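Quick notes on the structure that follows.
To keep things simple, chains are lettered A, B, C and D as they appear, and every chain counts its residues starting from 1.
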Amino acid sequence: MGIKIKVEFLGGLDVISSGVREHKCILPLEEGDATLKDVIQFITKNVITDPKDIPVFICDETVRPGILVLINDTDWELEGGEDYVVESGDVFTFTSTLHGG
Amino acid sequence: MGIKIKVEFLGGLDVISSGVREHKCILPLEEGDATLKDVIQFITKNVITDPKDIPVFICDETVRPGILVLINDTDWELEGGEDYVVESGDVFTFTSTLHGG
Amino acid sequence: ESDRDDLLTLEEYKRYGRQMIVPAFGSLGGQMSLKRSKVLVVGAGGLGCPALLYLTAAGVGHIGIIDNDRVDTSNLHRQVLHSQETLGMFKCESAKLNLQKLNPFVDIKSYPFSLSNDNAFDIFEKYDVILDCTDTPATRYLINDVSVLTGRPLVSGAGLKSDGQLTILNLKENWPCYRCLYPNPPDPGSITSCSEGGVIGPAIGLVGISMALETIKIITGFYNNAYSKPFMLVYSGYPLQQYRLFKMRSRQPNCSVCGSNPNITKEDIRNNIIDYGLFCGKLDTNVL
Amino acid sequence: ESDRDDLLTLEEYKRYGRQMIVPAFGSLGGQMSLKRSKVLVVGAGGLGCPALLYLTAAGVGHIGIIDNDRVDTSNLHRQVLHSQETLGMFKCESAKLNLQKLNPFVDIKSYPFSLSNDNAFDIFEKYDVILDCTDTPATRYLINDVSVLTGRPLVSGAGLKSDGQLTILNLKENWPCYRCLYPNPPDPGSITSCSEGGVIGPAIGLVGISMALETIKIITGFYNNAYSKPFMLVYSGYPLQQYRLFKMRSRQPNCSVCGSNPNITKEDIRNNIIDYGLFCGKLDTNVL
């Protein structure tokens, strides 16, 4: 079966997926078993176009500092972070922090 | 049972509901039986605070010209207009047209 | 100053370099398209000021500004292109004066009179894209009809209190016009003007800036290739700022100006057979 | 010009009347709060220009502008408060010159030097609300820490290419600071500046205008009563403009400046024991 999710890249982070901002994905796990950690793994393997870009997204085995992670429009800090249990229909948004002014 | 819907007023139209923009409502009809016409009826009876304001919303038994109607973020013209069959979870947005510049 | 539309001077490269390197903008081709383009802004008020600032800064080659109103103190909390020094001046001329200081490479023409049935066609035909920054329904219908009949895309903005709306009309074959969305004019009693209802500067300013970006997208050809279905952006300033995107109807076959059997013609407008004041109930808020 | 902070002149009534009648603004009380308020804008670039234009127009009583950069041609496609006439001038002084023409009722002070460990406290203490319109991580952390340690709410904006971000930090007891959101600085190699990555004028302009509205909301007390949970607005200019609202974390107990056991103090900052350049990897894009 798998879990239907949406992955979005904002703030220019779509560079890691050939400029595609929205990705509808099927996470190949059962509902209840999968956490955000699995989503991050899935992204590095299936969504990032060029493996050379993985370090843009990942650092020390988690999402790189400076990238905000939102689960259904809410900061992942409020949702349990990497241990958040994925539900069908979830939207995961990753946005790089901008510094320009 | 009834059908759970959300009604929103934008563009200043919240004046007809004491400044409240979002209304979670239960339409007292069965799914499949209710159309947008019923939602409009329901609003005039249950959401508009003061019956004197009904003419701000209704004209010739339909929504007044100049008010845009959106069903789940889509123009009602694309969804069958008043005959749209209401589904649980639908969001109906009404926005008055602004002319200021 | 370069008066050739087919090249950029070194000075222009320096000036526009930072936007030319943004991929969506379209590089040198995007800049040349802007330089060659002719944009008419109707209304130099709360929407027109920020739209004009950013279109001029970006390097639109030719800008026309039409407005018969004069700068008043009560405008200055939101009409940031005017100033204490231009009080009493025609807004279009005040705007031109300040814009020319921001970017002398832009050719700016001011029209210090009302847009009317008599002059609209002659003026619109000189421009490629029209911005509706006005605030009376009668003028909005006139601008729409002339845009349709001259085949010009129309970027239409509006704002009141802390709310705003933005749509692109008449962009392509299947896009709606203002009459497709609003076949019947609103009841004059239901119209609130900025002087009656008030307006928060940054709220209307945000819509004006958004209009500038949509105009840039049109001119640089972004909508030729990318996603392009009719839409409307609806902004609310309170309680939290939001900009909602709604999917809108296409061109309506029964539309009286852009439909299959239109009954509004250039001749009828020019001969004043179409009376916009009468159509909209003679409301004249006269506040741009 | 009125130099009393406890009344409005007739001229000021005329000037601000249209915004005072918008209910959310808070009427005369809202206007008096603006008049009494002191706002510091750090950076008079792509964000600072529109923020300053609309804050000045709205009648903030006292505005400070700090920026050590000078106006360059390459700024003018987006920094619409400067002009051909102020090329080479300090941005804060160019801004002051033009803002004073827009609204002579506002008291504007310019600080033509860099914000630093040495001067930040003295300057911040003179103001009620701080706007971060800068563009280097080191400065953003300095502004944050001094805002926290002086108890000032911080309206923080950022933009690049056609994207933007806006958040309010340190607004109330439970609101986060910049370090709560970003405890670790970004890798210097991952930072893109406006000169490298480019920037579209209206995109960053829109964020700057939004910052002005959030500042007005803070000053007029809107967040005292209404919905007030930490949020971040994320703007995209392409393909269609959107402004997404995200719900953000509250103040973090382990935050090194606003947490329960903070290890960053005023003394350490003033004595340069906290080295922001070192902390952020000595990147200096130097582009406001």
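Operating definition for what follows: a residue touches a chain if its C-beta (ideal position, glycine included) is under 8 Å from a C-beta of that chain, and two chains touch if they have at least 3 such contacts.
Please read these numbers as outputs of a predicted model, since none were measured by experiment.
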| item | value |
| --- | --- |
| Inter-centroid spacing, subunit C versus subunit A (mean Cα positions, whole Å) | 39 |
| Geometric centre distance via CA averages, subunit C-subunit B, whole Å | 30 |
| For subunit A paired with subunit B, centre-to-centre distance based on mean C-alpha positions, whole Å | 36 |
| Per-residue overlap in subunit B, given as positions that touch at least 2 other chains | none |
| Junction residues of subunit C - those touching two or more other chains | 23, 161, 194, 197, 199, 245 |
| Overall pattern in which the protein chains touch one another (line/ring/star/complete/other) | line |
| Touching pairs - complete list by chain label | A-D, B-C, C-D |
| Footprint of subunit D on subunit A - complex, ascending | 10-12, 56, 59, 64-66, 68, 70, 73-75, 77-78, 93, 95-101 |
| Residues of subunit C that touch subunit D when the two form their complex | 11, 14-25, 50, 53-54, 57-59, 73-74, 76-80, 82-85, 98, 101-104, 161-162, 194-195, 197-203, 205-206, 209-210, 212-214, 216-217, 222, 226-227, 231, 233, 235, 237-243, 245 |
| Complex contacts: residues of subunit D adjacent to subunit A | 43, 45-48, 132-137, 140, 157-161, 163-165, 181-187, 190-194, 197, 199, 204, 232, 234, 236, 244-249, 252, 287-288 |
